[in-house]
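Heads up, the next two complexes both have chain A, just with different partners, chain B and then chain C.
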Partner chain A sequence: MAEEKVLDIENLTIRTQRGRTLVDGISLHLYKGEVLGVVGESGSGKTLTAKTILNLLPENLSWEADRFAVLGADYLTLGKKDTKALVGQKIGYVPQNTGSYLHPMIRIKDQIIDGYLRYTKNNRGEALERARELVKAVGIRDTERLLKSYPWQLSGGMRQRVNIAMALMNQPRLIVADEPTTALDSTIQMQVLDLLKTVNDLYETPVILVSHDLGLVKYYCERIVVMYAGQIMEAATVEQVFSNPKHPYTRALIKVIPSLNIKKGERLAEIPGQLNAVGTAGGGCAFKERCSFRQEACEYTIREKTVADNHYYRCNLDF
Partner chain B sequence: MAVQPCRHLLCGHDISKAFVVERWPIIGKPRKQFTALEKVSFHIDEGETVGIVGESGSGKSTLGEILGGLRTCTEGSVHYKAVNIRDMNRNQFRVFRRNVQFIFQDPKGSMHPYFRIRDIIGEPLKTLKLCSDREEISSLVEEMLAQVGLDKDIADKYPGQLSGGQCQRVAIARALIVNPQIIICDEAVSALDVSVQAQILNLLKDLQRKHRMAYIFISHDIGVVNYMADRIVVMNRGSIVETGTAEQVFITPTHPYTKKLVASSFVN
Partner chain C sequence: MLSYIYKRTSNAVQVLLFVSIITFAVLQWIPGDAAQLILGSEATPENLARLRTALGLDRPWYIQYWHWLKGLVQFDLGRSYVFGQDVVTLIQQRLPVTISIAVFSMLIASTIAIVLGILAAIRKNTMVDYLATGIMQLGSAVPAFWLGMLMIVYFGLELKWFPVSGYVPPDRGLGGYLNSIAMPSIVLAIGEVGMLLRTVRTSMLEALGQDFMDMAKAKGLSSFTIYFKYALRSAMIAPINVMGLQFAKLVGGTVVVESVFGLPGVGRLILVAVEQRDVFLLQGLVMFVTALVILISLLVDIAVMFINPRIRIEMQGE
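Here is the complex of A and B:
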């Protein structure tokens, strides 16, 4: 199969108006049919990166990149209107903050079919039929009540699933799901992710799955990107990341996965320290303060390395 | 039936809740209702953690909101320190509201977008009239930020400028600032990555040891509930279908939903 690049981002940087860097030169590539997991510390820039792809970056932020192509369209040259049409038509987005993404005064059924009606020639009846099917597919029993409700009449998990159904309405060519199952228990979580996986299998729709749940990412993704303080610390296939993690942060992350076996009185393992502000590393490693393998070199320099199988990491050490 | 006086710190008797889904035009009388809770009883004591798990839409948040006095129930009663919250005078109710704090599922949604984080965290102090000195509030806010592991300069930002996890920690700081007896944590850690989640759970446990706080811990993540809770309540379609210790409920589940939940859990 000729590999078709769906996402080609080179050196993306996101800054505030005051010039503070939030995302610091990351590169992302995604191929047709692939499921890419994005994990990383809270505040590391996962959502901002996703929002840039959706052209939804808050107004007080700006981005620049050497290359930024989504589904073959070059965002660097594409006009505002065309970008908006591309996003609305071809990208399905599940936002992290599901509550504020829905309009409180519009019934679910009207919100869910809005984008679909705008970009297809189908009529309202067909749109509602499709909405009904999708809402059922994400495990909602009370379909009719849900469709008639306003967002505030729904539980958190129901709202999240409405967003997932909405993202799938237009048969997207790319799905960006930002923490899509945080409000769902494991039974429904699986059902929802299986649905995404089915869409991925059937139509080779590529998926970006932002999640803090490593177990889930391990299960559903082929490749993983590990972010920290606005940078990509490691990027590799799932097997590589879990069997042969190269970055100390990735190792720490794998170690702190909570499990059912943890004893009651025992403290949970944590990664000591806090995420420090992006761009304060001063040329050195952003993770150095919390790293137990810190060396002198980490203060002022960082080595980027790519080993076999496109396994990228950003660390001065070899494991 | 006369309700027994309640010995627990907080308890609910036979709570039912029906939401009006549709009203008759003009007259405004309910036309269609949806029963979200049906005769649910619940209690919690000082220093205890009770976990509530259950399917999405089973009524967990609604129950939490009723127990914390944010919503009224259609039937049944809630007692705080043996006083029915409906019979409380204003002062008593204020004490009650101070002592029962919430951490919500959707932290951004529960914060005013045009308030600075400093004011959001300090707000309960003002509304509950606990403290009005600006300096004092400010230093308390900074202390809370440190406790939840956030940087001081976050205080001057707006909610929109924070990531999901940072917002959740702000919500926790806001709940802690009034030193409550009970915190109702509604999916309080589900938006956090594992390492931050561990930090927060450890923090909650430390605080509990120090202040003998009680937690009502609503979560869909049975790994987390199992770790946190002394006692677990399983809800399904508006009723409690199973209760017991973590071991009882998760190792020998009896209700089909609990069985399914345990079987499908990713954690091992």
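Here is the complex of A and C:
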């Protein structure tokens, strides 16, 4: 694989206006053709990280980084307008499936083509032709009817297909999928992710797949980044994460993946405790309150390690 | 769609019927009948009796009500005894004045409110936003009669830009017409703009926080498209409703402003009817204003229906 860095983020920190840290010095790298899973609970900072890449961070939050290069463009020096144009032209955004990401009062066809018309010289007819092709490609049969519909006339799965088709309109060089399968049936979840994987295989478009579901994501990614309380706990290939998890949190996540042969009345496994606020670790480990392997050292110090083949983790223990 | 309009219309008829009963009953109960008022306290009992017979006041109340109602259905609102003319004629003479200042003040108020409301929402907590907040408070705090008098003194008497009072119909020169309604329209607009501005700003802020705005930004659309195609479209429903209510209120008569500027409008007619105890005129005017308000709110609802595809399509009913 060509080692071209699509995403090169070093030491990204996101803070609120009052100085509370939400994402605490994370580094992310994504290479051409790769699918990177970013996994963590709600509040782990994974969505904020994705929003920073999309230039969608809310105004009351600010970010800083040592390096923030997306598709070769450096966000740290890129102007506001150019960043917006870069995101619109080269990044496809597949949002959470809540339906609220499509405007309820605008027909699908007008929403699907407006970003395309902005960044190509093609006319409306050509844009609609491309929309038709893509909508068909994402598995919608009655394309004409779909294009004429309003979002609330569609099912959740249909809407997410529309979102994917819309993300593909400008032939993106990066796809950011932020919890793309939330609130979908599990069969539809697989279909949506299969679709993203197909796009990835076909066009070698790199994908960042943000999800809380490690069990689902593992089938679609090459590498996985496990986030907790705004920090990266572990980052490695899927095989490494599942065959040789180094961080107790990753182990806990693997353990809570529900298996199919669960017995009736049996409780689903869970990780005890709650996600603590980011930045309360006080130099120690962010996961210490919930960790069953906690040692005294975890209170005030943490070790970052990288072992064989870029397997990164942040823990005082060695498994 | 048609069934909706039918439902709303039959609803409106019921409301009108109810209002007619109340109006009739209230004016029956107040002391002194129309004949007494027309002839004055010096009238002889014979003359009074003769006039009562002529006006139909000697008949039972339900017959009187029935006759009045029958007239209403035929757009006969009765006859004013102060003016000695049909109420419909009186309204026809005065309605253009009231409609003119209502339309112009709404045009002024909504232009300011929409432009400033959008800017205030987009640039929240900046100078534009503070300016908007100032206008909101000023508009609702300053009494119309005082503002009107100030404008007469300054723009009318001092600068002589506009006539101090009176109304010039448009067929006697458009310039004169516009000049004669300019100041009253501005005074009314200042009274209306605050509420409307607040509504535009609030619903625009709500729209800006929606997820589809993130999507519009991620698509790299132009700011114009983002704010007007995406945000404003979903932010217009509440302001349109408010505009409808305000317009209905203005058309129903703007008593204070018409009085200050000496305009012969519907508001002044209502004032005369009340002052002179012109029962028939008052009855007719109440029914007219009620019908107008109901009609305008029906039109607003239909307009909103056309803007919101969800309601429109559900109305068509598959």
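The rule is simple: the second predicted complex is superposed on the first by the 303 of 319 C-alpha atoms of A that agree within 3 Å, B and C clash if a C-alpha of one lies under 4 Å from a C-alpha of the other, contacts with A are read in each partner's own complex, and residues count from 1 in each chain.
FYI, a contact is a pair of C-beta atoms (placed from the backbone, for glycine too) under 8 Å apart; a residue touches a chain by one contact, two chains touch by 3 or more.
Computed from a prediction, not measured in an experiment: that's the story for all the values here.
J.: Which holds for A:G72: it touches chain B only (first), chain C only (second), both, or neither?
T.: It touches nothing on chain B or chain C.
J.: Looking at A:N55 after the superposition, I want to know if it touches chain B, chain C, both of them or none. Which is it: first, second, both, neither?
T.: It touches chain C, and chain B stays clear.
J.: What is the contact status of A:Y150 with respect to chain B (first) and chain C (second): first, second, both, or neither?
T.: It touches chain C, and chain B stays clear.
J.: May I ask you to name which of chain B and chain C touches more residues of chain A?
T.: Tallying touched residues of chain A, the top partner is B.
J.: Of the two partner chains, chain B (first) and chain C (second), which one does A:S100 touch, if any: first, second, both, or neither?
T.: both
J.: For A:G43, is the partner it touches chain B (first), chain C (second), both, or none of the two (neither)?
T.: Only chain B; A:G43 stays clear of chain C.
J.: Of the partners chain B and chain C, which touch A:K84 in the superposed model: first, second, both, neither?
T.: second
J.: Just to be sure I read the superposition right, which of the two partners does A:I257 touch: chain B = first, chain C = second, or both, or neither?
T.: first
J.: I'd like to know which partner A:E179 touches here: chain B for first, chain C for second, both or neither.
T.: The answer is first: A:E179 touches chain B but not chain C.
J.: Is A:T187 touching anything from chain B or chain C once the two structures are fitted on A? First, second, both or neither.
T.: first
J.: Both chain B and chain C touch chain A; at which residues?
T.: 96, 98, 100, 153
J.: Where on chain C is chain A touching in the complex?
T.: 210-212, 214-222, 225, 229-230, 233-234, 307-310, 313
J.: Spell out the part of chain B that touches chain A in their complex, as residue ranges.
T.: 19, 21, 34, 53-57, 60-62, 105-106, 108-109, 149-151, 160-166, 187, 190-199, 201-202, 205, 220-224, 226-227, 246, 250, 260-261, 264-268
J.: Within their complex, state which residues of chain A touch chain C.
T.: It comes out as residues 54-56, 84-89, 91, 93, 95-96, 98, 100-107, 114-115, 118-119, 150, 152-153, 166.
J.: Using the touch definition from the top, list the residues of chain A that touch chain B in their complex.
T.: 39-44, 46-47, 58, 60, 96-100, 139-140, 142, 145, 148-149, 153-158, 161, 179, 182-190, 212-216, 219, 252-253, 256-262, 264, 267-271, 274, 277
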